Amino acid sequence: MSSSFGKIFRITTWGESHGPALGVVIDGVPAGIPLTVEEIQKDLDRRRVGQSKVTTPRGERDAAEILSGVYEDVTTGAPISLITYNKDADSSKYDNLREVFRPGHADYTYWRKYGHRDHRGGGRSSARETWGRVAAGVIAKKIIASAGIDVFAFAQEIGGIACETFDRDVIEQNIVRAADPVAAEKMIDAILQAKEEKDSLGGIVEIRALNMPPGLGEPTFDKLDALIGQAMLSVPATKGVEIGRGFAQARMRGSQSNDPFLLDGDQVRIGENNAGGTLGGISTGEDVIVRVAVKPTSSIEREQDTVTKNLDPEKIIVYGRHDPSVVPRAVPVLEAMLALVLADLVLQNRSARIEW
Amino acid sequence: MSSSFGKIFRITTWGESHGPALGVVIDGVPAGIPLTVEEIQKDLDRRRVGQSKVTTPRGERDAAEILSGVYEDVTTGAPISLITYNKDADSSKYDNLREVFRPGHADYTYWRKYGHRDHRGGGRSSARETWGRVAAGVIAKKIIASAGIDVFAFAQEIGGIACETFDRDVIEQNIVRAADPVAAEKMIDAILQAKEEKDSLGGIVEIRALNMPPGLGEPTFDKLDALIGQAMLSVPATKGVEIGRGFAQARMRGSQSNDPFLLDGDQVRIGENNAGGTLGGISTGEDVIVRVAVKPTSSIEREQDTVTKNLDPEKIIVYGRHDPSVVPRAVPVLEAMLALVLADLVLQNRSARIEW
Amino acid sequence: MSSSFGKIFRITTWGESHGPALGVVIDGVPAGIPLTVEEIQKDLDRRRVGQSKVTTPRGERDAAEILSGVYEDVTTGAPISLITYNKDADSSKYDNLREVFRPGHADYTYWRKYGHRDHRGGGRSSARETWGRVAAGVIAKKIIASAGIDVFAFAQEIGGIACETFDRDVIEQNIVRAADPVAAEKMIDAILQAKEEKDSLGGIVEIRALNMPPGLGEPTFDKLDALIGQAMLSVPATKGVEIGRGFAQARMRGSQSNDPFLLDGDQVRIGENNAGGTLGGISTGEDVIVRVAVKPTSSIEREQDTVTKNLDPEKIIVYGRHDPSVVPRAVPVLEAMLALVLADLVLQNRSARIEW
Amino acid sequence: MSSSFGKIFRITTWGESHGPALGVVIDGVPAGIPLTVEEIQKDLDRRRVGQSKVTTPRGERDAAEILSGVYEDVTTGAPISLITYNKDADSSKYDNLREVFRPGHADYTYWRKYGHRDHRGGGRSSARETWGRVAAGVIAKKIIASAGIDVFAFAQEIGGIACETFDRDVIEQNIVRAADPVAAEKMIDAILQAKEEKDSLGGIVEIRALNMPPGLGEPTFDKLDALIGQAMLSVPATKGVEIGRGFAQARMRGSQSNDPFLLDGDQVRIGENNAGGTLGGISTGEDVIVRVAVKPTSSIEREQDTVTKNLDPEKIIVYGRHDPSVVPRAVPVLEAMLALVLADLVLQNRSARIEW
């Protein structure tokens, strides 16, 4: 297990889907940052289940408590421990999954790796683990805000339906978190349709960081791009990540792909930002643009082929309260991941030079 | 700077494009592995410049020397230091780049981050740094071979031309390292055409690991997928990474995307392996399949807009000995990266359980 | 802040003396280890306050709860989160310490480093933080027990009174945890005398590991000795650590100091074990022997010179419920630290070689 | 193996006593620091063999080359690779040690851990490895100098003869590096006497950091004290470390041991600095004072009992060119270790707070 992420600003998540509680310890938070539990809860509510007709009706409130590291509403430099108690876990529904592996889930691989596993609701492999990422992301956002950075994300595509316009203001006003209100309606219809068909949809989340300072990213192996790669692909259900033009850039010619350096007053600007805000693994000052592929929810109420722990063939229908598409709820999680990467890099960058 | 990668099996690369030498220190190599410099050189020769008409004519031999950690052709457990001396660096060609930033390169971002930089040939940001990755990859391949794993890579697409057939045996028989000999010819033509037009091409590299044991990968943040994401996007010129069906899986429905568990004798097999060999961040036992987007070479002999360190607008033509497409030489580098990820995970997995 | 210790078996402690709770997250625990909360509580009760007339009467029960990583009383490989709630914290006694620094405590240095601090009961710098170390130590002990290792500690010296005999069985039978029952009585008298005089005593704790396998320790920087040095000196109130003969060995000649290699049947034995069980940073197979200097409790009810945050001179008397000597309660903490070091090294050693 | 030390400022040493070369890679060095090879060589010459009649006559020049990370005599932020070639290694003298273990050395433990080892001159376990620590220490000293800190060390005691006076200026003027010129003469006589008797002497090195800023040290596990413990005990031949009054403080009462806070103008001063410059693991601003116990040289030309790899009893006399006391040459090594610890903490401390 490696339950920690980050070098200076470092989070450690713990907890299982159906255990008594989940949480995160955030180490390396600078002292002096104002912080209240209400601020943390705000983002957690965006990740929460049961928000709308396109998400699972599981009833967790996901209420956060701050157990350490904050005194009189200001961070002290000590590790911040955040916890939420599982209240609506209904493990009885999972009894039949003790011996059998759900397709698309980690049941089989955990069993092969660890031998002994908590099968209830996916145990440690459940996306409930992302609670701690979003909670920690709020603190990360404050650190990067101190460097001027602003992070947000949206559903760029669900079930093949893509946003054709972009309006940041509409994102949190529709239940799929699309940036295009027309596409949003189509996405909602598609999700409800899939749900009715006992099927599920995937999609693409786009995450952006605005007002970036140049200079963030630690070559060679902790390049901004590399840490984004690790961060995004550590989130359940993700299958790909691209930066800037990404895979499309692989089909460009150098003369198209290269962003020229231009001057806007005394500001250096970088062409059309094909690069997505990074050159040589270091931020350019242009917006960071990341897209992440999210697969369709693995839990579907359809009969599928599987095997048991005793290696007998079996049929399985995965009942339960599942999101027909996890994309809308993945938006705040992936947004938090970019914030976590950038917060660590903002702090690391304080050591980049010495004025002699 | 973060010049190290890996947790137990950990490499640290050093060196600049035009400095006296480049190298890598590989720590955490288990004792007892037979190792000769000839084995290391073999993969380095695949990465070497000047191999063919589609690569740069720069004349580095890239000869490796083993300076430590190996005694009587067997590893001792001590760190292995490998070095190569730069012999054909011609820094005079870079004198005009001291004050000006090449589009698509890291010149600008290094300057913004570090203030002081070695501009010759890109300095630390040069792809010459990947020498050490390939050298270390040879040792990684021996570690994973001890677990049965076999890693290889090929050019899946260059300049929009994709392999339509797959034959592993042809990969190293054509100078672009395609798995389809017909596509290979077209790719070569496209590269030479681009070269004549003083332009460059990008493409897609596919990397696979065969004979995978199940159980490799360390949730939550060092998932097999996450480490692949970091590893691949730490390589210069990469813009995206996907696993299994990747971005295409975002457009599937759950009923298509889910791989059923099947039995092949007493072996569990996993459907069509849409997942690309990983579930919940842990290897399933099926082939690991990764694709990486590589952008077109940034150095082109065309006039482009740029700025100087004094923030004056300037025109630049990047002369020099450059690959018109880096894809063929990226193949052994990205292959090495997967080997590095897996070697570390093979060793980490030794701590996954205790038989009580 | 760096609240984590260990590389594979890695603990992260969090919590303040007077916050709502304290805890520890233990990552990298192999799956398959039987574990109950009762086992953990047993060692915690040895560290607990209010055990006897020589310890503080603060009334914390220190009851542990397991929040994750254990399913049906067996570890799953997932991070184990342990928590205890502060029940008997009386912060009102600390109101006068908001503006003033207690001599011998971390009040001043936290204020200089972090600016903002939780002053109540020492906040993060309180020895209450060691709760998590002892709790995690129980799991560490199980891991090392699987390699045959047995760890224990005792008060070798308190207030200048040293054990002259050694009987492991008496250690937990006297309230100071001495290995010599006669010395124990004198130590108790000395502590009570110091308490009456509103003063405090220090001492020396000896920690041993028996039935050591040879081969534990990771040269060059994670030598067994080096990790012991870090582990022990990370515990509050420690001022020195020595291994084997330690400082006395600095006054020996080589001909006395060198342990000869001897044969006992087919077992290699190592002289008088002056080395304390380690050569070149790797365990020899002989007992590991460590001694740690513990300073007298800093909190004393005597008038002392200090300054305020506004840099005014001030007199201070530190009232409160304090141990007149922390040595007896440091015994289980330092014992846990050796277990933590060894557990990580046992797991790391699984990667020392490959049989080719 | 764990050949790296430090979190942000991180060194990785490699190389064996009789291999072709030894070196160190220093990662995380801020850009902008002036640096020449001559500066590095100056400290290396203090560590070098063959300096005087009390050190081994082995003739290594230990000449350093800078291979990367420095451009036009200024650091670039890229990893700095330093190398020295072994020129005077005479491996023939070690042929008889292939099958037999030298008492007091790591021969036996390396063999038990790794199976396969380079026995020549101790291989990886040789104190020649410390070359890289001293070389890296020069860069560390520049980083801490930028924060005002000044580090030095001296032989406080050799063969039981202790310095009774302290004069920093005399340290580098006598061949044992004592701070008391009278004691120095006695130490030299004692060493020569021991040499004549084919025996060896140990001693105590004291290391100090002056002009310390308050605030350095990262609780909980990377306390200044803890990192000093790890750093010092990672050096070959060390057996103990103490800070401030150390073991003597264990025999004090709280009323003696506690340093009062005093005012010197608007400067806070801390009593007699019994604490040795650290409270709660964070620097107080007073001098950091560390003492390290160094054992007598293990290689002595006297007959000693040992065993062979085949577990036969054997007699051994360790011929060769050895220091009769390693203390004088340990002085620059242990001084470098304190510089390495502090350099990392100076950089880490840049993340301690955010001004909101």
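Which chain is which? They are A, B, C and D, in the order written, and residues in each are numbered from 1.
To be clear about the criterion, contacts are C-beta pairs under 8 Å (C-beta built on N, C-alpha and C of every residue); 3 or more make two chains touch, one makes a residue touch a chain.
If you're wondering where the values come from, they're calculated on a predicted model, not measured in any experiment.
Undergrad: What is the chain whose Cα centroid lies farthest from the Cα centroid of subunit A?
TA: D
Undergrad: Of the pairs given as A-B, B-C or A-D, which one copies C-D, with over half of its contacts the same by residue number?
TA: The pair repeating the interface of C-D is A-B.
Undergrad: Comparing the two chain pairs, does A-B have more C-beta contacts than A-C, or is it the other way round?
TA: Pair with the higher count of C-beta contacts: A-B.
Undergrad: Just give me the whole-number Å value for how far the CA centre of subunit B lies from that of subunit C.
TA: Averaging C-alpha atoms per chain gives centres 45 Å apart.
Undergrad: With centres defined as the mean C-alpha position, give me the subunit A-subunit C separation in Å.
TA: Chain centres of subunit A and subunit C, defined by C-alpha means, are spaced 38 Å apart.
Undergrad: Indicate the whole-number Å distance between the mean C-alpha point of subunit A and the mean C-alpha point of subunit B.
TA: 26
Undergrad: In subunit C, which residues are in touch with two or more of the other chains?
TA: Expected reply: 1-4, 7, 13, 28, 31-32, 77-78, 110, 113-116, 124, 219, 348, 352-353.
Undergrad: Can you check the complex and tell me which residues of subunit A touch subunit D?
TA: Answer in residue numbers: 7-9, 28, 30-34, 77-78, 143, 146, 219, 347-348, 350-356.
Undergrad: Touching subunit D in the complex: which residues of subunit B?
TA: 1-4, 10, 12-16, 19-23, 25, 27-29, 31-32, 65, 67-69, 71, 74-81, 83, 110, 113-118, 123-124
Undergrad: Looking at the complex, which residues from subunit A come into contact with subunit B?
TA: 1-5, 7, 13, 101, 103-106, 108-110, 112-116, 124-125, 129, 157, 159-160, 194, 199-204, 214-215, 217-223, 225-234, 236, 238-247, 249-255, 257-263, 266, 268, 270-271, 275-276, 278-285, 293-300, 302, 304-307, 311, 313, 349, 352-353
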